[in-house]
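Common to both upcoming complexes is subunit A, partnered first by subunit B, then by subunit C.
Entry: the complex of A and B
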């Protein structure tokens, strides 16, 4: 009985610890899947939200109506606009399943740190959604362009970019938290993914678009947006994006390597690992990027005999050469054209030569642009698919 | 709130008011000792059995003396009575035997009633007790002692397959209502002199036999004494089922968890006896009690030991998982759909949201409607006459299933939640244990509706605190998990093969801790050089 007398009040006290009084039934809230921020006409921002219309995603309940509804408001703070959305929408908005944040080009060029703070501070958002820059188009259009398979545009884009990253490395794996980490780091500048719409955006804004075999308009990924601090300064194309990802954490990719006159071999790269060694050569920083990767031969257009070890050795050499020049070109381009260290070489320098980095950390981007970069690739060609000698190979 | 106080006070006054005396039923206790006078004895017995239609009394000759025989024809086998007693009594060779003293009475019994269970009584109530239990009482004029002869052989339900704890592989016999049959079923499985049965009589008015079975030299003496002591201490007027005994001898009644195991399976009882536990058989109940009991016992089925230990272990893990499902799945549904939308995978979330469109109630009300419907259905299924069973299952399937969804009362996903919970509830082999999950589930749902996942965590926290506080005959209920006993893990979550399961549970503190020290893993014969012998 004495134990009960102690237990009961403590149980009641535990109830006070609860932070979750905000019970909301599923049919009383609307889930925002994507947010687009662009320059407003009358105010600083124009914010568009894409809200999922769940019943149209359900096979049994679907009536062929739109899977997602968008609504835009203009104002000077994102936070206020998001809470004011019920000007046009019915239910309380929830942002826990927001997967994309599309930022208009003009806003990005002016700087985005102002509203990133709100997104990071608010407990409503997860910080693992994709950061996207809408190139040449209105950011809101991204949330309005349907696709037949993944019906909600923002989820489609999210899925698209993560699959491209995993399969080919053509998209940076840059979530909100990574972006902010890069922003605050002295030794790295942030990047974001760039996308655009192919076709006429207006045509894509209807479910009718899903009935065509070739959609009238389609969201496509175009590469990388390069930032200096929080301002957009330029883009890299898809190939260069892949090369950028290769210096970071490439999962897998496919290369087309020349093996003769107008002839190529297709190589699948797997298990790639890149290590960076930083050093100071007098006043010039230098970096050795060492790439070790395994590869499979997917196909060949050359006649080289794949039963012979020499062929593999030759191919390995070709691949290595190509990888080295390719990546070096991209790094050089960033050094010369943008002069920002998006590769995080500064962070490596900070880890490996802390004192030297501390001395130059405020001018790191200048240091980066004059740095010597050396790329060494070490590629192992492991297998050649299910057959060895190609039918192209002539018997000797 | 006055009426609550009134009820509580009235309960209290029963306990305090000593002037309220229980009117004890006349069970022969007040009857006088046997007198030498046959007529007096006869009238006393007839008075005791007044208005008992099944009571028969006959005047007979025993040897050369006057005598009487009395029995209850409801408790005796008349053909046995005729064969074993009436035929010898009418034998002409006995007519001139003289019975003048006890020795002659005894030798008379040896000669004519040999092989029949008997007692000599010098008190009338002893004789009456025996008559009530199915004996025939014989009194001879001039003899101070009465003889009771066992001719009881009452019709009982035959041994059938148990209706609970069914197995695919393993013995199909189940206990019956007859205690003698039940003792025999255990004895058939353990043919060993160390197997002991001790009988007591419990229940002032019903005088029910309760037998404690144990293996001498295995069971912990302290536990055995405690079992006996608690049964002796039972002060009640009636025992009809082992459930009554269970409630009296449990360590604690204010818990939803059963502290004593019950089984209908003789093989389970026998196996538990050999582990060092006591088995309590109550006359009239096909469920025997096993004590002490720990939490993990309720996740074990005899079949685990009759099939490969791989499948036995796997199924046991499934049972633990099902217990958790039965306990928490509905509350998790409430917590996730009403509080923690962020924890649901996006695609599932949209699917759930689409299903909930147009459902008029909050998730918790929706859930309670279905839970209560299911409990009603379940109760109806057990109670209703067999003949209309079909009707209920059809109606029930309609109510619980698609009809409720189509009517817009509940969402599709909820029906799955309820169905899975219901299935998981029935996985534990012991019905009294599933009751714990059924009751606690409602507390979980309530807490989830108020506090979300935090509430579920609180409930689990208090449940575990409660579980560790429980004891069954002094053995911690959560043993060997808490307190953790490493050597007993061989038969808790997994069923280890027999060759590695050599010890009896440590927490039972048995008198002989090893059960099969010589068991070995089977190995193929090694071929010797030059071929086998």
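Entry: the complex of A and C
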């Protein structure tokens, strides 16, 4: 009986060990940093994974070998391929640290919602990875192009795009969840970032590329990929991308504004805030986009005296005019060329005039392309760096 | 008849038990989704409306003091008829605790421990619950008292962390009530009023053991309002972070929302906090339903409830597996059948039916007392 009394609790305690059922030692797993999906030659998809080679990232242990290994497989479903990667790789793959998803152009043109569902559903992926469209090049090459400072290609691209977004606004802050939200929303169409490789992709695939002062090949961001539903329909360039971001949530940017014949001022824009008012004018929707921002002068090529209030006023007016036409041009281009509401004007309409939007929500993109857009910028030029008068200013 | 010492829980403990009970599974599975971006309003409405049934429960209990629901039934309906009702209630309590346990199992297996069999989760969890209840209600109370600050702290921290991660988009909550109050009322009845708020009927087994019974009712209602507001807050955070569509799509919206937290590339992957919150809430919820059922068994079979704990715990663990074949079945039963067929009769039907009898019996007892 006494033995029983001891035995029973110890048997019950065994149950608590089940918490370790799912453990995996760190040296049994490999972390995937990037996934590239493109059109397969024999099957629907060709999936490439970039796996971090952790020992090469440690400064003391690094032997100068590759920091990242890639492997590709072809098949019809991403999830199967990702589980099958051990055809060529040793360890169990973990996707929780995936930072980039590169999608090939052909796949994107045919529609990507098929595999986005897996990414959202699996729970293995965090949604803080960047969605990228590889323009004119093979998506897998993005995962293979090294860079000396950030050695793992997918992490490099991730950092690159988030820094560009923060510093200049040239990349959309579009994560998987945002993309899917735009896809499911009737009043918005998704966008993703587009990138390409400058130089010869083959040269970038070796660690030797890291030893050159000017890399033989370099991944560069080229702008915005515009989607209709889940299909890629076109691109916007970097400037237009910045204008797009400005209507969303721009952090800061720099503008070059003409102030005279062939002369320019450089203005740093910060604390920008855009508000949109939606309305229906009979049958045409109209939107007032109001942009309020602060700015300071980075440099000037003009002679205007920066100690005078009038100069500030003139510059402010110049900047406002430029911002207004610039953004309006981008919106008009999207309206005319692509006819998809990537700006989310429909969502604003839904928030502000729910009934009107509900009536037209199935043809929203048509409504958007005929909408009147009015942009008003209100830019405050606050100060001009560390000097007062420019040395260009002539004494009067 | 062999009965144990009567246990007492303090009012603070009661308050904590009620709120943890209400958070329970409700905070994870995402309640009031049908009301889209207005689900937080639906939660507030349901919470305020639930004051009425809860007040009614405490009123019923106060007529015949210091007796729990089953003892009142026995006094009022007589030994034989009451046994039928008590057995039905025992089934109800055990079934609901099995459902709640399944919610938890699905969360763990679906999201965290993918390779672990769900049976193992259920069994280990029930062993823990059984151990706590074997030590008694007081232990459950003290246990909750220790963990409650962490629970509240975590829930608030999630909102604040999301705010600082710039993931809280208030525009997702707009427009407020675009189609009028209709959809909100549609989710309040029958979904929200029965789950989680109506489930407080299980506290009819606990309230008589509060140390200051006179204030127990008020404490419960206060806890109900506070946790209703916190649930609404959590619902608000979910919508603002994910948007109404993604919230509806997500199995465990709060978990998905927490996944969005990312501060300075440093505070990330804090989903584990949610698992903790959920585990604690589920533990309290399962324990209280289980305790209610056990108390019923004690009354029916005239043996101390501790004798039933381990076998019953294993039966609940087993039930949690077999009540549905897959997740879809589990959820659709929870939405289409459980509220109407199971929750309504037990939460409102039988107590209402009991009401005139209790009033009559209370009067009789009072006059008898006077005669003596």
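Here is the rule we go by: the second predicted complex is superposed on the first by the 376 of 396 C-alpha atoms of A that agree within 3 Å, B and C clash if a C-alpha of one lies under 4 Å from a C-alpha of the other, contacts with A are read in each partner's own complex, and residues count from 1 in each chain.
By our rule, a contact is a pair of C-beta atoms (placed from the backbone, for glycine too) under 8 Å apart; a residue touches a chain by one contact, two chains touch by 3 or more.
On a predicted model such as this, the values are computed, not experimentally measured, just so you know.
Visitor: In the superposed arrangement, which partner chain does A:58 touch: subunit B (first), subunit C (second), both, or neither?
Guide: first
Visitor: When the two structures are overlaid on chain A, which partner does A:99 contact: first (subunit B), second (subunit C), both, or neither?
Guide: In the superposed model, A:99 contacts subunit B only, not subunit C.
Visitor: For A:12, select first, second, both or neither according to whether it touches subunit B, subunit C, the two together, or no partner.
Guide: Once the two structures are laid over each other on A, A:12 reaches subunit C alone.
Visitor: Between subunit B (first) and subunit C (second), which, if any, makes contact with A:127: first, second, both or neither?
Guide: Touch partner of A:127: subunit C, not subunit B.
Visitor: Once the shared chain is lined up, is A:163 touching subunit B (first), subunit C (second), both, or neither of them?
Guide: neither
Visitor: For A:76, select first, second, both or neither according to whether it touches subunit B, subunit C, the two together, or no partner.
Guide: After superposing on A, A:76 lies clear of both subunit B and subunit C.
Visitor: In the superposed arrangement, which partner chain does A:363 touch: subunit B (first), subunit C (second), both, or neither?
Guide: neither
Visitor: Kindly classify A:181 by the partners it touches after superposition: subunit B alone (first), subunit C alone (second), both, or neither?
Guide: A:181: touches subunit C, not subunit B.
Visitor: Quick check on the superposed pair: does A:27 touch subunit B, subunit C, both, or neither? Answer first, second, both or neither.
Guide: Once the two structures are laid over each other on A, A:27 reaches subunit B alone.
Visitor: For subunit A, give the residues common to its interface with subunit B and its interface with subunit C.
Guide: The answer is residues 15, 18-19, 22, 96, 126 of subunit A.
Visitor: Please output the residues of subunit B touching subunit A within their complex, sorted ascending.
Guide: Residues 337-342, 346, 349-359, 362-363, 449-455, 458, 462, 469.
Visitor: Looking at the complex, which residues from subunit C come into contact with subunit A?
Guide: So the residues of subunit C in touch with subunit A come to 110-117, 120-121, 123-124, 127, 171, 174-175, 178-179, 242-243, 245-246, 249, 259-260, 262, 268-269.
Visitor: Provide the residue numbers of subunit A that touch subunit C in the complex, in ascending order.
Guide: Those in contact with subunit C are residues 12, 15-16, 18-19, 21-22, 96, 120, 123, 126-128, 177, 180-181, 184-185, 347, 350-352, 354-355.
Visitor: Please output the residues of subunit A touching subunit B within their complex, sorted ascending.
Guide: 3, 7, 11, 14-15, 17-20, 22-27, 29, 31, 33, 52, 54-58, 61, 94, 96-97, 99, 126, 155
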